[in-house]
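Each structure below appears as structure tokens.
You will see chain A twice below: alongside chain B first, and alongside chain C after that.
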Partner chain A sequence: MTIVTGKAEARRRLQPGRSGVLRKIWEHRADYAYVLPAIAVMLIVIAYPIYYTIELSFFKTPPGLQLRDKIFIGFDNYTTILASRVFWKVTWNTLIWTLGSTFISFVLGFAAALALHRDFIGRGVLRAILIVPWVISAVAASYIWRWIYHSDFGIIGAVLVGLGLADRPPNFIDSVSTVLPSLIVVNIWREFPFAMIMMMAGLQTVPEQLLSAAKVDGASAWQRFWHVTFPHLRNVSTVTILLLAVANFNSFIIPWIMTGGGPSNASHIWITHIYELAFGRQLWGVASAYSVLLFLILMTLGYFYVRALSGNERKEGTA
Partner chain B sequence: MSTIAETASRGQTRRRMRVDGWRWAGRIFLVFMLLYTALPMIWMLITSIKSGFAAMQFPPQWWPDQPTLASYQKLLDPQNSVGQDFLRFFWNSLFVSTVTTILSVIVAVPAAYAFSRFSFPGRNFLFFAVLLRNMFPAVIFLVPLFILMRVLGLVNTHGSLILTYLTFGLPLAIWLLKGFYDNIPVQLEQAARIDGATRFQAFILIVMPLSTPGIIATAIYSFIGAWNEYIYAYTFLSKNEQLTLPVGIQRFFSENTTDFPGLMAASFMMSVPVVVLFLVLQRYFVRALTEGAVKH
Partner chain C sequence: MTRITLGSAVLRGTVATALMASLMSTSALGAPPVDLSKWSPEYVRSIAGTQDFDTAADCAKVTPLDYKGRLTFWYQGVFEGDPDLLRQYYKEFFETFRKTYPNIQLEEQALTYNDLLDKFRTALLGNAAPMAVRLQILGGTEFASKGYLEPLKPEDVGYSTDDFWPGAMKAVTWEDVTYGIPTNNETMAFIWNADIFKRAGLDPDKPPATWDDVVKYSKQIHDKLGIAGYGLVARKNAGNTPYRFMPQLWAYGGGVFDEATANPTYKEVELNSPQSKAALQASYDMYVRDKSVPVSALTNQQADNQPLFLAGQLGMMISHPSDYDVMLDLQKKATGTDKDKAQTVIDNMRYGLIPTGPDGKRAVVFGGSNIHILKPEYVEGGKVDEPAAKAIICMWTSPEWSLKMAYAGSNPGNLNGFKTKWMKERLDNIEFLDVTTSMLPYGIPFPALPQSPEIMNIIVPDMLQNALTGAMTVDEAADDAAEKVKDLMGGL
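After this line comes the complex of A and B, so read on.
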């Protein structure tokens, strides 16, 4: 390999002139060898499934996976979905689930990061404990909370009865009105540590000098937070919120293990609903059409995600 | 808030009171968060040392009258059929997670290095394409991947899980590692090249040792992700002897719906390896997120 290390050399090679794109690609052929394994694996396991999902969404499929017998039906799967009442119910649930989980996780995580920013005895231990729910398996978390919410022997019900706040233990996850908020509490329990880590990392980049300068000028703690700290964290906050939103939009395990979407679809979100359509009721075509719709929504979110990330990069370039 | 303490300067009583207010709010909040985080886990531990009868009481026994390790003994006893299954699931999870971790480091290191150092055409496009993968839920890929795995003859093998986990762990792994490589000065490599090292030698001898914390962080992330993964394992595996822990525990619970002490003991033991791994290596992990996500 004759390429000399570094971007300087690459830049020299990329000087405008006779060489076209193909020539550039050829000159950099050795570089591609480094990314090839990653790209190859991603192509097999990601690009092919996406193509296949789009194709299936236009077909009526027989149950079982005998997909050779599928029949082309155009956009029928899509119209079926948009006309069904379950679709709107599930979409509403997904919206509450995603927005509720994301917003509260972010606020709690950010507040915890701020409170942990100042040094005190036991800070490391406390931080470690707060992160643990994020590390343990969502399946384990679901079972732990299912036991906590248990309608006969659950600890929360027992405490409420013990304090005289309820006559009998409430049904948290067997009742249509409380199931979704109860699951969101579990989801936040697992997710706020992620926001906390990200914001703790972000807080370290806020320049101390600016804060002291603001203090000298007589800014109150709140003013310093609002006018100095917070603007510095705008990028980290955007990335964190987007990552949380995507993760919540895509979450499956907690509703699936805790309630399976019930009672009467009250805790079905898009992903669990798609899973049930595909693997429960074997409606592969409808499930694929759902996936394509989901895909479009996620592409929109993805656009903002990439923009937030490249915003960071541009900043770094000018700094 | 680190400067709040300094703000409470001498003589300014009014300001001191307000500042202390913020600090107290922070403390109370942290206590609240600690309870929210820890109480469910403590209740899991207390339940796991109860007998099946003691767990099913109302009002509950806050501390069991007769603490017992019977649930743990049952799960860890190779003579018992429950224990046999549990140990096998545990071993399966360990195997799948370890192989996934090793492979993802091998694939992610060169890719991240190239994204950081070279400027080949399509670099940004490929990088964002890799990141975009994070946007898509597992369910979208389930049906086609299931069919793909059937074509490859991988259904009901651990190979199907390893291949899938590998791709789903790669985007973040590459992103984290790229952050590390961006922070290693190119001059170090150039110096080594002037001294006669080949590019490969410079990479192995200079860059790799400096990026060890990033590699450790990537490895933890892959391991925890593979250890906790549920949907693919649930869909791709049907033979009892192949199951990994999350699916195995679900199957166990669907057969013993009232054995909450056993379920809590199993949840606890499933969490131990990843929590220990994380606590031991957490500073690498937190640092990697800082470098990758924040400084970028």
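After this line comes the complex of A and C, so read on.
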């Protein structure tokens, strides 16, 4: 039999229900107090802009009026977007851009990480060199690549013509069919070092004794990779891919500086299109509706990212 | 270096002056400082250096020289395509202002042509605009119509409305109220490389007379020499594109609306008229059919054409007289044999009038910039130091500084600038100034509408890109652009 003192009973009564979220919050009240200032700041700089963007997406903002004189039009901006030919073109471009950049950056980064995981002379130097594209400014890189690709006097064109491999410089960024793949190449060049670093970190966690044991058991290099290394990297791979996908979905600098979304909208992706709608054409309402849709997509990706991270933590917790 | 003979062109220019005088006339035109009906290079030479001005004394009447205040100021400044000479004058202007008004704390910020509108619009949304701003000619009506600008007329800073180009005043006027003062106004000219012409079998001293000739010459240069004939520019969100395509569009008899007529109403969209389509077809013929222009035209600006021209890889282009100085600046940076090659190009650089359309119409964009004062509620801190703003506006739009700040590439917004000693000096120092002066009578202002920036910076370049990339046919591209303009105008 438990003897309940008056003090303990009073404490119990002060506490909310024994089960549920409130009880948990109460139990962690000190923790919440510590993060309260950060939450307050986030509410101001994140929550309010999100709310305002959602609100603005229901209004029309004609070029002859100030934003404060906006006109309520309900869901018209959303229906306008979905009925627009450009929307589908830009969405298709965004998918190609995101999937192409993410997948190839990951594969190249993973391959580079595997190669650099082994010990060899000059490994440190090579690591440093391969990280360079990731650390230099995206703006500077975009301008440099614009000149490399230049359709009349770019470096690649000059080399190809000089070697007699082409009659005239190839058209990389002034053609609707080649511009997007050309920009994806630049993006991959800039991003694969990130994937490489992530995967190199992941490779450090693969237990050496397991690989040795597999080797003793007669497993080939491929079998060791597939059955030992790769399963250990599943979570870090998921996180890396999700981070790359979110970054690519939100990517702005490379396509905007190199082509401004052109020619003929062939390299417009969502984020550059939103920028043009808002700041070039002042269609704040339409741009906001686009942003809301983009936000929902990114939140979905974010959900999977958090789930992948939580899965990681759970596994580590049970290990 | 051979100077081109303007002969008949000047004669035609004089005739066109009558048209311009009517095009640009306003009822306010009382006793203008210069007689626009007599406009010609000879007339400009005759008035240059005939009057002295004391800028500090004039501006002291507007804002006392010991006035204490603070001013935030954004301006469309020099960029990579401008000559060093212009950079020097900008530097000198701000130094002189600080010396003239030592107690005004000036916080200026230079922005490039292509960045200024976006940044300014964003700042306005957050009520974080500067107290005064110098905008490109396209921007005036947009911001005036939205109510961001304070009424401001030349008389407010000690000048007369008659001191400024009437056409330029239209660009700062919205619903009969004036919201700014022109700082500089310009018309461009046609530039060609005589040596390339000669090697391509063309008369080195005779520019193409019509746009159809431009298409033919461009092809001939490309076919004979394997280099680009004409420096087409079709980049989106770049001011260079409308400044080069609109003269072509107007010369063919087309237009976005009826802006090329004497009394534009801007009611009917004409981007898909047969004449407009003919102009677009000419660009298509050069880019797609003949492949006689830079492939990079879709991502290029004029600043990209300049090194191509200097390298002898481009036969013709449209630009300011300042391009001659830019070529000299670039040549100084070249080394070895490149330096000699560049010198050959400079020696063979010729300027002429922009070609006409099939019916003899000649046109050029009447460009420039304006200076404005913002309303306090849109300014960071909610206050505008009006005397300080008027001090800088008075100085910039003075005969002296409106000329100096436009020294190499433009013309003074204040017509009295043509009478200064610096104009006389400029006529001797700046090559080919006569040609662009001769083009002034053919100048057509962009439509004075709040929608103009979108039309000129996005819809027109989009039309070009859609046609030139094959994404649409010429007809489809023109129809699509016309539809976009109609939709845009259909809003409020």
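Rule of thumb we're sticking to: the second predicted complex is superposed on the first by the 280 of 319 C-alpha atoms of A that agree within 3 Å, B and C clash if a C-alpha of one lies under 4 Å from a C-alpha of the other, contacts with A are read in each partner's own complex, and residues count from 1 in each chain.
Rule of thumb we're sticking to: a residue touches a chain if its C-beta (ideal position, glycine included) is under 8 Å from a C-beta of that chain, and two chains touch if they have at least 3 such contacts.
Nothing here was measured: the structure is a model prediction, and the numbers come from that model.
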Review point. Should A:Phe279 be classified as contacting the first partner (chain B), the second (chain C), both, or neither?
Key: both
Review point. Should A:Asp152 be classified as contacting the first partner (chain B), the second (chain C), both, or neither?
Key: both
**Study point:** Chain touching more of chain A, residue-wise (chain B, chain C)
**Key:** B
Check your understanding: Can A:Trp97 be said to touch chain B (first), chain C (second), both, or neither?
Key -> neither
Review point. In the superposed arrangement, does A:Met198 touch chain B (first), chain C (second), both or neither?
Key: first
Practice item. Considering only touches as defined above, state whether A:Phe110 meets chain B (first), chain C (second), both or neither. Key: neither
Review point. In the superposed arrangement, which partner chain does A:Ile257 touch: chain B (first), chain C (second), both, or neither?
Key: first
Point to revise | First (chain B), second (chain C), both or neither touched by A:Lys215 | key: first
Point to revise | Common interface positions of chain A, toward chain B and toward chain C | key: 65, 67, 150, 152-153, 169, 279
Practice item. Enumerate the contact residues on chain C facing chain A in the complex. Key: 118, 121-122, 125, 142, 145-148, 228, 234-237, 294-299, 308, 311, 313, 450-451, 454, 457-458, 462, 465-466, 468-472, 488, 491-492
Exercise for review: Provide the residue numbers of chain A that touch chain B in the complex, in ascending order.
Suggested key: 1, 3-7, 10-11, 14, 21, 24-25, 28, 31-35, 37-39, 41-42, 44-46, 48-50, 52-53, 56, 65, 67, 108, 111-112, 114-119, 126, 128-133, 135-140, 143-145, 147-148, 150, 152-153, 155, 158, 161-162, 169, 189, 192-193, 197-198, 200-202, 204-205, 208, 211-212, 215, 220-222, 224-225, 236, 239, 243, 246, 249-250, 252-253, 257, 271, 274-275, 278-279, 284, 287-288, 291, 294-295, 298-299, 301-302, 305-306, 309-310, 312-313, 316
Review point. For chain A, which residues are in contact with chain C within the complex?
Key: 60, 62-67, 71, 146, 150-153, 168-169, 171, 173-176, 258-266, 276, 279-282
Review point. Mind pulling up the chain B residues that touch chain A in the complex?
Key: 1-7, 15, 18-19, 22-23, 26-27, 29-30, 33-34, 36-38, 40-41, 43-44, 47, 55-60, 106-108, 110-111, 113-115, 117-122, 126, 128-148, 150, 163-164, 166-167, 170, 174, 186, 189-190, 193, 198-199, 202, 224, 227-228, 230-231, 235, 245-246, 249-250, 253, 260, 263-264, 267-268, 270-271, 274-275, 278-279, 282, 286, 289-290, 293-296
